[in-house]
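This is the structure I want to talk about, given as structure tokens.
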């Protein structure tokens, strides 16, 4: 169930959400740069068709847009994926699955949030069962706004992500790990006891969901 | 020392050939679909990306050792297939093996990996394994029958001897025993996980598959062995039907030609369900095989 | 006073002791004598054995020539006599040691048991056709009475049925005796044998058929054996064991003794007897498949074995005959064992029904184990004694190159396995916890153990006794020698 | 008038015929009657027929009884004594059997109240 | 039972081994007139005695575990005696005695299991006795031809005699070996027998049928070629036999795949393996016989290993159905390796010796030009991968499906020691494929007057068609494995163990303990959708045998009515028979 809190939306806890960009590189060496370069050349995508954005994701692989030339290709399971695309509004029921899928991905992993709904709820801003701000629950690396964004925008987003990876910037997954308590608390707030078990973060024992 | 260097060279050659061929395959595929497609190195990048994932999940020791077994199986397979004819190099340990051994070695790795899949506890993975084994059951019958025709033709199971018997285009297995080649062609495509028969791996679309639980570096290992194993099979067929190769360029050329053939065949067909595939193997290629046996074994024996 | 050790004691001793039974009751010697008599006879048999092996013993108790009782103990009849004594010994010992049903331990039972032994011995030993009839009736009457001893409805029914059918058999046999005498004027078997060939053919056939019906009913051959299961079921199992182990064997022996002695060419009749034997064997084995009562099942199994022996003896070759004689002995041992086991089980669980005996193997492990042993032996599985004799029989057929009996015997054995193993399985049914109702003393197992030991011994080392059976077969088959011995060289 | 009966063949024929008739009467009774005592009687009749046949056929007209008395010291012109002795024995035995049978039948009747052989169904297959 | 008796039992179980080492003379023992038992040790029997010597103590050891079942031990001793007699037999009578002792003692052992039901026990004993009686009939025919019972080549037989002999002996041994359609007793009895005894049934007793079949070839050197000449490069009769074997393998393999019970699966797999052996015997060449013997060796080792492992599982969990087990790899690791090595051997994978055996058979089939047979055999042996996988997956991998499986402990040491020994033997024979050839198989071939296979070194298996080197193979594989693992561990990055068995990528769902995650019994069920496999799985011979049993019972009921009438009926029948035969005689004799 959705529990309404005093502080809603992006007014509160802004600091927590702000990922300092570009300054914190993970490690700098020739090998690291080579690895980063190869990483950005190959992005396996777990496309989560949560909303209408799913329609826009499909053409990405077709002859017209051909995302494969950027090394972007679909992955069947979260275990193999590097990038999770949340394509549109996120219902509470879907959020649970998204969290689960995200936690099952292997690091380094990135999240692309597609469309306005993921940023502020979009046209579902007052719906009782959608999540307004995805980044309160899982870290988002790239937002692509629009309602809906075109595949070109998505490609743009991928290129931007590739650039960040290439530069060796810290991904959202670091943030998730460092602030796992906060994320889990938020998740618990909306999902109650429906929060998926955090098998992946087995070192995480805060609360009773571990 | 020679053996070590030679082995490492064989592994390297098969790996490089593997990702280049598959890179080419992806490009060709894209072109057929009127796309640009990725670069020819794309498979290398993918592979390296997986190798350098910072996190890898395991489901216990068996899950970890499965990919190791399949990789070791791939290495062993590669080392037991002679890459070159009349050469000291790229021979590996092929003089200690034979054709039947190679065919069985091709299966050792996947079965080892099947243990890892089972150990993951993911039922979808196990379903994929069962599908793979089912397909194997279908394709192996005509495949082996075709190879048996070759063994019978040369009265040996030694790949070296079969290669040696094919000097000159006129003595190529393709020319002297074309029907055997026809028999093995479709099963060969299936064993390469080629298109009409690729529902097992189902790279992108189907959730259930042997690799459902593998990620990170383990998936990288699986990719690597897949490419190497494909090259081993290609080289094997080149050895058996195309007279082998005297140097590395000829080898690449012949293997590439064969690869092109299988690619072209597989590119234009939609996917079959496993049961359909098995049924198909037992009807068309096996029927062809029976015909071949009647033509090349029974008739000469009766007329003699 | 020294008593001459002659064959006449085989008849005389049990008769005398039986008729003096009131004395034994008073002296409390009833049970010791019940066991002692057959034991003494067995001892006598073994004492006489070396003599018998050199030449047949002939004894004539002259009343007035040509009247007289001729007794003839040759190698063949020695086997039967020893067998009768031994079977009597085991059964009587069981009756004594098992301390069971009082009606088997009183004076009447004593008389009838000894009379049965005397009658059987007499039938085997006698060289005189009419005496044969007399002994047949003595054995018969005592058997009828033994059946009815328990005096409840089923026992009386068994006794009456047995009496009716047995009397009819006796009438038929007597008819044939009369005809033989009228035709030849002789009663001495050897003398009849000499004259038998001169009887007109149709009369020969008539005599033969009358004898066949008479002895066939007694010896339980196929179209005449429908009474058998009822009688075996109604009688006490120990008594039924005597019928199956002893009485039938004697009648069979008599039948074949007559066939081999009277006919110059036994092969003519042999093929018919083999046919009867085969039919007896197969039909009985098939019917046994459905039996739910242990005693009835054993009765059918007994019929099957009788058929086998008939088949073997009817072939008239030394190997099959020797095997047949050997099989008689083995079958007697085995059937005694099985019927005594049945007696133990019946007493322990009050019922002999298959359903009531499920799981008996754990309540009475020893009895069940002995049953298993007996079952294995009766099917002729090595290394038990049934195998050696069966092998001998089969070998005889194989030597002669006749294979249809081999096929039938093996088929019958397979069918036999079908029901015996069904019983074994049920006895060891793990799902039922069965409790014994009545206790059975340990001593009761002693005679069974002796039988079991002999079964194993004869199975592992049949060479100890095989010469006896070969000689017996020769004696049975060699018509000329018998005639010479009885009538003198001149005839 | 009855002189033809002195012919042994005729006499023996008549004996044989009579004995056989008796035999078949007995057999008929045995097969057709269900009363236990009647069956036992039938058996006795059958036995009797056999005795009759034996005695009858063993004796020819003109022979005297084989008794060594009244000055007779030789077996000449006597009937063959053996059948008579045997028949006597057989009669005794037959009597014994009959007696046993009747006693069993009586006991059975006392116990169950039945005399009908067809109703003796204690022993049967399941 | 005191430890003395236990020791004695173990000593008896070692008797085949002692016999092998100490036997140097011929024994003779009279039975009845004209029949002498003579005991002698031929190389062929020696081979099977080696198998017995290997297996017997390994099964005896776990049998001794307390509380031990004394009757079982006694029967096992009897069984061993019977089998040794059978193998040492120099004449057919002792052969038959051994055969029968083996039959009934194994039957009684079968009854020691609380699970054996009537149909199983009856089908076991009836089929085995049918086999024994066919054998006896054959022996008698043999005797009537040759005049004695000695086991030796029958040379002066006429064609019909030889034909009947081959048919009788052949059927007897094929029943024992359990080829189609005479196999129906096997799955039930192997399944329901006491768990350890199943190992012996499959490992040793089924080999006696194989022994008999090979013996048959020595009795009639031209048995396979004598009747119908040659087909392609092999004997024509053998071609039929080989097809029987291969069809057995195919059907049994598919049946095995669809089983839901560990022991039943193993039982069908036994049938399939013996089917391969039958095929090889059908080929009849020296290569093929070497293959058959090799297969027999491997199958013995493998099946004993597998059955003991399974017995351990059943002992510790009380479960035998795939659906009730799972995830035992963590609980019973040694048993897991037992089964793993076992299935690798069973599937004929290199480098274990199963491959060497299959290699010989394949090569012999190529040599005989019987390629269709080869294809059929490949079908069976590839389909076998599926049940092999099922066998290792369903109990050991996946998810624990019952409380017993969740809390199981490793099998006790008497179960583990034999497993470890057998694993060691399998690896040894795998490393040195020439070892078995050189030490065990070539003497037999020489004894059968066939060309020995020979081996340059123990490490090599070499035939005219090429060969392979087990040591090199194992070294390469081992080195590659070590190299790969080492390199992998050198790579950077964290290996993380999944926090829970339910941490699965499950389409975003969160599976729980209630979710049906174990793909055990159902594995392979979808094979039914393949038309050929579906057709095979729908067939069965059980109906025929049940019908036969029903007909027998009906006949029994019909004939039984004769025996339940009144005394009058009996007398009437007797009189009618009397009158009729008189009439018949009168007509025939012209009375």
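A, B, C, D and E are the chain letters, set down in written order, and residue numbers restart from 1 in every chain.
Please note the rule applied: contacts are C-beta pairs under 8 Å (C-beta built on N, C-alpha and C of every residue); 3 or more make two chains touch, one makes a residue touch a chain.
Keep in mind that what you see is a predicted model, and the values were worked out from it rather than measured.
*Asks:* Count the C-beta pairs in contact for C-D and for B-E, then report the pair with the higher count.
*Replies:* B-E
*Asks:* Based on mean C-alpha positions, which chain is nearest the centroid of every protein C-alpha shown?
*Replies:* E
*Asks:* Name the chain whose C-alpha centroid is farthest from the C-alpha centroid of chain D.
*Replies:* Ranked by distance of C-alpha centres from chain D, the top chain is A.
*Asks:* Nearest whole angstrom, what separates the Cα centre of chain A from the Cα centre of chain B?
*Replies:* Here the centre of chain B sits 38 Å away from the centre of chain A.
*Asks:* On a C-alpha centroid basis, what's the spacing between chain A and chain C, in Å?
*Replies:* 97
*Asks:* Just curious, how far off is chain E from chain C if you go by their C-alpha centres, in Å?
*Replies:* Their C-alpha centroids are separated by 44 Å.
*Asks:* Can you give the whole-Å distance between the Cα centres of chain A and chain D?
*Replies:* Result: the chain centres lie 118 Å from each other.
*Asks:* Among the residues of chain D, which are close enough to touch at least two other chains?
*Replies:* Residue numbers touching two or more other chains: 30, 39, 117, 120, 124-125.
*Asks:* At least two partner chains per residue is the criterion; list those residues in chain E.
*Replies:* 496-498, 502-503, 505, 560, 563, 567, 571, 575
*Asks:* Mind pulling the residue numbers of chain A that touch at least two other chains?
*Replies:* If we look for residues of chain A contacting two or more partner chains, we find 77-79, 104, 200.
*Asks:* Which two-chain combinations qualify as touching?
*Replies:* So, checking each combination of chains, I get A-B, A-E, B-E, C-D, C-E, D-E as the touching pairs.
*Asks:* Okay, in this complex, where on chain C does chain D touch?
*Replies:* Residues of chain C touching chain D: 66-67, 130, 133-134, 137-138, 140-141, 144-145, 148, 151-154, 156-161, 163-164, 167-168, 170-171, 174-175, 178, 181-182, 185, 187, 229-231, 233-234, 290-293, 296, 353.
*Asks:* Spell out the part of chain D that touches chain C in their complex, as residue ranges.
*Replies:* Those residues of chain D that touch chain C are 30, 36, 39-40, 43, 46-47, 50, 53-54, 57-58, 80, 82-83, 85-86, 89-90, 93, 96-97, 100-101, 104-105, 107-108, 111-112, 117, 120, 122-126.
*Asks:* What residues of chain D sit close enough to touch chain E in their complex?
*Replies:* 27, 30-32, 34, 39, 117-118, 120, 124-125
*Asks:* Touching residues of chain A toward chain E in the complex: what are they?
*Replies:* 48, 77-79, 96-98, 100-101, 104, 196-200, 202
*Asks:* Residue numbers of chain E touching chain B in their complex, please.
*Replies:* Contact set of chain E toward chain B: 232-233, 327, 329-330, 340, 347-350, 355, 358-359, 362-363, 365-366, 369, 371-372, 374-376, 378-379, 382-383, 385-386, 388-389, 392-393, 396-399, 465-469, 472-473, 476-478, 480-481, 483-485, 488, 491-498, 501-507, 516-519, 523-524, 526-527, 529-532.
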